[in-house]
Amino acid sequence: MKLIIAVVRPEKLNEVLEALFKAEVRGLTITRVRGHGGGTERVETYRGTTVKMGLYDKVKLEIAVSDPFVEPTIGAILSSARTGEVGDGKIFVVPLERVIRIRTGEENEAAVTPVPPGGA
Amino acid sequence: MKLIIAVVRPEKLNEVLEALFKAEVRGLTITRVRGHGGGTERVETYRGTTVKMGLYDKVKLEIAVSDPFVEPTIGAILSSARTGEVGDGKIFVVPLERVIRIRTGEENEAAVTPVPPGGA
Amino acid sequence: MKLIIAVVRPEKLNEVLEALFKAEVRGLTITRVRGHGGGTERVETYRGTTVKMGLYDKVKLEIAVSDPFVEPTIGAILSSARTGEVGDGKIFVVPLERVIRIRTGEENEAAVTPVPPGGA
Amino acid sequence: MKKLVWSTMPLVLGLALAGGNIDAGSTAWMLVSTALVLLMTPALAFFYGGLVGQKNVLNTMMMSFIALGFVGVAWALLGYSLAYDNGGAFLGGLGYVGLAGFLREGQMLVSDGLPSILDVAFQGTFAIITVALISGSLAGRMRFSAWLLLSVLWVLFVYAPLAHWVWGGGFLKGALDFAGGTVVHINAAVAGLVAALVLGPRKAFGRVAFLPHNVPFVLLGAGLLWFGWFGFNAGSAYQADASAGLAFVNTFLAPAATMVVWTLLDLGREGKATAVGAATAVVVGLVAITPAAGFVGPTGALWIGALAAFPSYFFILARPRLGLDDSLDVVGSHGLAGTLGAILTGVFASQDWGGVTGGLEGNWAQVAVQFKAVAVAVFYSALGTFVLLKLIGLLMPLRTADREEAIGLDAALHGEEAYPSMEGAILVLDSEGGAA
Amino acid sequence: MKKLVWSTMPLVLGLALAGGNIDAGSTAWMLVSTALVLLMTPALAFFYGGLVGQKNVLNTMMMSFIALGFVGVAWALLGYSLAYDNGGAFLGGLGYVGLAGFLREGQMLVSDGLPSILDVAFQGTFAIITVALISGSLAGRMRFSAWLLLSVLWVLFVYAPLAHWVWGGGFLKGALDFAGGTVVHINAAVAGLVAALVLGPRKAFGRVAFLPHNVPFVLLGAGLLWFGWFGFNAGSAYQADASAGLAFVNTFLAPAATMVVWTLLDLGREGKATAVGAATAVVVGLVAITPAAGFVGPTGALWIGALAAFPSYFFILARPRLGLDDSLDVVGSHGLAGTLGAILTGVFASQDWGGVTGGLEGNWAQVAVQFKAVAVAVFYSALGTFVLLKLIGLLMPLRTADREEAIGLDAALHGEEAYPSMEGAILVLDSEGGAA
Amino acid sequence: MKKLVWSTMPLVLGLALAGGNIDAGSTAWMLVSTALVLLMTPALAFFYGGLVGQKNVLNTMMMSFIALGFVGVAWALLGYSLAYDNGGAFLGGLGYVGLAGFLREGQMLVSDGLPSILDVAFQGTFAIITVALISGSLAGRMRFSAWLLLSVLWVLFVYAPLAHWVWGGGFLKGALDFAGGTVVHINAAVAGLVAALVLGPRKAFGRVAFLPHNVPFVLLGAGLLWFGWFGFNAGSAYQADASAGLAFVNTFLAPAATMVVWTLLDLGREGKATAVGAATAVVVGLVAITPAAGFVGPTGALWIGALAAFPSYFFILARPRLGLDDSLDVVGSHGLAGTLGAILTGVFASQDWGGVTGGLEGNWAQVAVQFKAVAVAVFYSALGTFVLLKLIGLLMPLRTADREEAIGLDAALHGEEAYPSMEGAILVLDSEGGAA
């Protein structure tokens, strides 16, 4: 199992969610974050105080998936989150040792997205 | 060492914190998140705009623990966060290679929850 | 590659960002979190309701780096985030299997901070 | 002072016609006062809305706000007449039902220099805020349609009679209640208490800490309430005269004194002057001076304001520990300060300032009259509220389902959030053809 | 009723001088009314600002707020004279240009008991809010400098003439428009519609759900608007008299009735009484009663308020599906309710109450007069707005760049965020020597 | 114009009694004006509270809000008498101490058609907001109890004497200060400057960017301040007359002009019209017109408003770079605009409009008189504030501990957060028996 962490543009979130839905990925957790990448800075002025805002609003998705779902999930994100301009974000894949569903106590495969219909 | 990531209902947070406290787990970090699972959607209407809200407020806990603490921590969360209804959340266990306490520079076991009294 | 997760004081964030900038670490994602550690509790009172606030505001940084950057990154955080008082936070290092830049589809080293000039 | 105006009004009615004897200055003041009192209801919505948690903000605000609609219309069509038409000792007549009776010989009625119809609105704003006040006892657990029904029935069958007894020439007309200590504040607090007991506490009460979600909103509410209260109290003089000036100054002094005492109590207890406390103190001081506003001198107002801090301060501190889920402390603020104010009005009333002698000037009998009015109000309000809730309970459940309470009433009952996030909100277009 | 005052004013001008015949009561009321109407523009900024998403809060609020500056100055220097100086059927004179003409023989002019200069401010607040209203159709996509230019030109060349025709003794003076149903609300809504069509919808319109970011701000805006509207409507009586009293009471009753009907529609449709709906209902009811305020009796006001709920409710529900990005529903609220109110003023106008007979009293001709004024206003406002936008479009782009729209106009156009976070904000000191 | 009223008042006092000669219209206006000025203090709390960061919101708001209590009571009991009782050139008498002296022969005093006691409240609201203004220089670092002590002592020993000199018949009575440019704004700004220097800058000043946490609150504050300022300026006419009308119109025009100039400067400098800038401009324009309100004609008001933008705009831009932690720019807004306004009052004062000739009408001596009053105010305010702070510093530390400053003063000093989160808040019930 893997924990897939993706940072995307907030305005792309709904499209990403839709793409994941179509890829039959169900469970996920999202967080509002602020990111710094290669992008340019924005200047804001409040009275005499001028600031450079080096951080941009982003949304982070965390998705725990069973191995067969790793590629479809990454593919869905890549296709839906891309604009081609700096700031589109990144995907990180982290090993995941164990997953437990709190409601039932079920573990691992039983607790994450079901294996694909007719799949491995 | 492991990084235990748990997503729970916000209204259960205080009980979870208490259970962790009793299990002698001290350090933890929490984040407001929004999650999508198998649950039903909520409909909201603002004038002519109707929306389906597919995301529910959740709280994410991140707890770095030494190996002997993994089971007590999971046990404490499972027992305190469960309501039995859809949306109770999940626990993810991720391998953790290194921990450093910024204040002192101490590393690993010395930086996370102490080993249980009289324990391994 | 590693995913470096650091929890620091909000008032130290700007110094940490500067130190990371000097260490040529570019990409990072930050999140507002609330943490519980060994620190003391704060009491607040709203009319007849008295509460102990056991959680303190912190900022979490997530930084995906290639292996040669692990030590410089940790060093930069340690030197910039420390006050010496309880609550300075922690650094966690998690293995990272894969990184993908959404904009280009580039993977791994190409997607994270470039190897240091003239470096390994 | 309403009773003075209105007990003499019937004599004036037939005679005073429009165009003739409008007093422009007093009319200007009453127009402004009415607008000020109307503003108090949105102000209260902020005071209350800031004090609740994020999941119940809109429900709490709407319980006040919606009274501007339902209570306003019920009052205009029926309540005003029951309260203020010339009737018997127990209820007014039906002469103003359906807004009839304000024209005579093709002209608008004028009484005491004012366009008579304006009184429907002025008094209406009092009725509205009284209902809105009750909702503070009920945050987070009442069905909205049950609340709508209660608010309409309550204003007609509890508020209007009590207003008639004290101000409309009814059997309590000897009691001093310049602007509504008994009719408004005690009445609302008792109704809130009874309703809180009938409904029972929120599920999480006693386990979870209910914290305000936005203290600046509480300060905004308190600031606007004070501003509006000048219309409430000084408008109750029904003229721009010395009595209005006195009532105004007292409404300026009393809450200031309450705030000073309250803050010193805060500082003495744990060294911290709370903002929620200061805002509460303003309301407590305003409630306490309300019955006294035009009857006591300015030093009396300072005393009443200062004294009012004590019972409210300590009761509100203890209330959560009493197991009573009077969620936003209507009893502690409006009930106690209203009662204390009503009694102290009898003590501090001054012949020179307000035209009636009080206890300190030797007329302790007035204090007894005040007690009697308070007792009658407490009894009638408790009984009436209880009966109405039981009746409504026969038609529909009074409380929301436990699940709705857990989700939060904004989403569950109103289909809205106070601070919606666009993240993950999926647009629904029932007819897919329309939008581009 | 402005027209009454101002059609007779020229006679009075030369005679009435300061010191002599000020009516203190009416002056007090007009001072207050002017302040109240001024407050409506910040109130509208909150009503609108709460309804937009987090990225466009300040831009939306500033489109209203800035009118207090640019429109205020343009009005004082030129607009007032074009609207209200004694002129022809189509435009006023230039006697008040540059604020001249308010002194006679070393004394301030007084007309109808009021200091004449005050009317510049009173009428100015109407002009300001009319411009501000338009911005609700344009949220999230207009360049700010284009908006500044439009607001100044529009108030001079669209608003001022229309005000002259209806209130300044122009060719529509037979139409009943007590406080601005046609001049303010229909005018603003038509301008908003035309501008929304010329600019086109936001890029994400129809794909993304645009949600309010702060519903309590919407309620705050609605509450303050209602409060201010008492000055708008009852101030339009220009005296603290029975007519002002009537206009006030009607302004109290109509929105209450609208809120009741709207909430019942909400509850009937999906069982949920929405807060945004209640706030919208208040505005709709206020718009509808505006032209009628001093002409109809109080039951007429209740009818107008109740009836006004229907067209607005269903139009606003359908609007996003029509592909029309009238972002904050200016057409649905101000256009429809303004039109309905203008027509119903002709229906419910009452000889006894307001001095003019309407349809129900047999004078159906008045309804035709009302229709004509509405038609003229719609036509002129549409034409004028269209021409001005095309002219401005020759000088500069009207719309922001797509990238600015995506980032949000607060950061892109104003260099600010509504709720800035200090995280990651790096202080820039251009001269490093200064700060310690 | 206060001085006119009050220099003649002593003659009137013994004669004018209640019931007799109340001027209802002017009384109505003064009642409203007092309420409007009172509202300015909560408005300022929002203006200031929106401008600070999230950790110091309540502390900042409370520094204003609490003045309604402590300053209000101190003023009523002692300050009013020191300022306005008939006394010498340097201080008033003690005739009104403890609110005595407002009854004669069993009747309330009436002066100039107004209930005399109302003046305690009207003038009290000025004293309160003056103290509240100072707090803008001190955000984020002052101990709250030191602030309470300072505010009480300052209003008695700095504000009251200065008010006496300018308005109470003291030695500056020739200076023109219609509504408080010198007494209120220069006075507060100098006190703020001195206090900021005595306290020293915040620890993080110059390193960290201090950003507003809520710009809509800043706009709310500015809107309500403008609204209230009509009472401040036009209420200072003490009558509902032509002078009040003029002061009102000028209060409408000047800030509009300032906003226009300020926005054009913003657009010229970096192409971005800021909302914080527009809100600041409103305040600057209001401050500048305050001393002139009833003395200059409307074009004078436009000039004063427009000119006032320049010094404040550039000073506020430079201030953080000067190493001066006048946190919310009281000097830049109130000090500079107050001074400019005071001087320009002498320039633009007009015989026809306000009854006094100014520089442009040939009487340049008036400008010298204005300069003198400004100089005296600056000197006295600086000295008095410095001495009081040193005295208080003997009793207790003036500044909070560094750790409290780092945590934020809301939690540290008030035991509250502005926007509490229920997450991780553990309910404490000291007596576990009570709650269910």
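As written, the chain order gives the labels A, B, C, D, E and F, with residue 1 at the start of each chain.
One rule holds in what follows: a residue touches a chain if its C-beta (ideal position, glycine included) is under 8 Å from a C-beta of that chain, and two chains touch if they have at least 3 such contacts.
A quick note: this is a predicted structure, and the numbers were derived from the prediction, not measured.
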{"item": "Between D-E and A-F, the pair joined by more C-beta contacts", "value": "D-E"}
{"item": "Whole-Å gap separating chain B and chain F, where each centre is the average of the chain's CA atoms", "value": "51"}
{"item": "Approximate Å spacing (C-alpha centroids) for the pair chain A, chain E", "value": "45"}
{"item": "Approximate Å spacing (C-alpha centroids) for the pair chain B, chain C", "value": "18"}
{"item": "For chain C, residues contacting two or more additional chains", "value": "14, 17, 30-32, 34, 36, 45-46, 49, 51, 54-55, 94-95"}
{"item": "Chain D, residues touching no fewer than two other chains", "value": "23-26, 28-29, 32, 208-212, 214, 220, 240, 270, 272, 274, 276, 320-321, 415-417, 420-421, 423-427, 430"}
{"item": "Touch-based graph of the chains, sorted into line, ring, star, complete or other", "value": "complete"}
{"item": "Parts of chain D lying in touch with chain B, wherever the complex brings them together", "value": "204, 208, 406, 411, 415-417, 420-421, 423-428, 430"}
{"item": "Chain A-facing residues of chain D, complex", "value": "423-426"}
{"item": "Footprint of chain B on chain E - complex, ascending", "value": "209-212, 270, 272, 274, 276-277, 280, 316-321, 329"}
{"item": "Footprint of chain D on chain C - complex, ascending", "value": "45-49, 51"}
{"item": "Residue ranges of chain C touching chain B (in the complex, touch as defined)", "value": "2, 5-8, 31-38, 54-55, 58, 60, 74, 77-78, 81-95"}
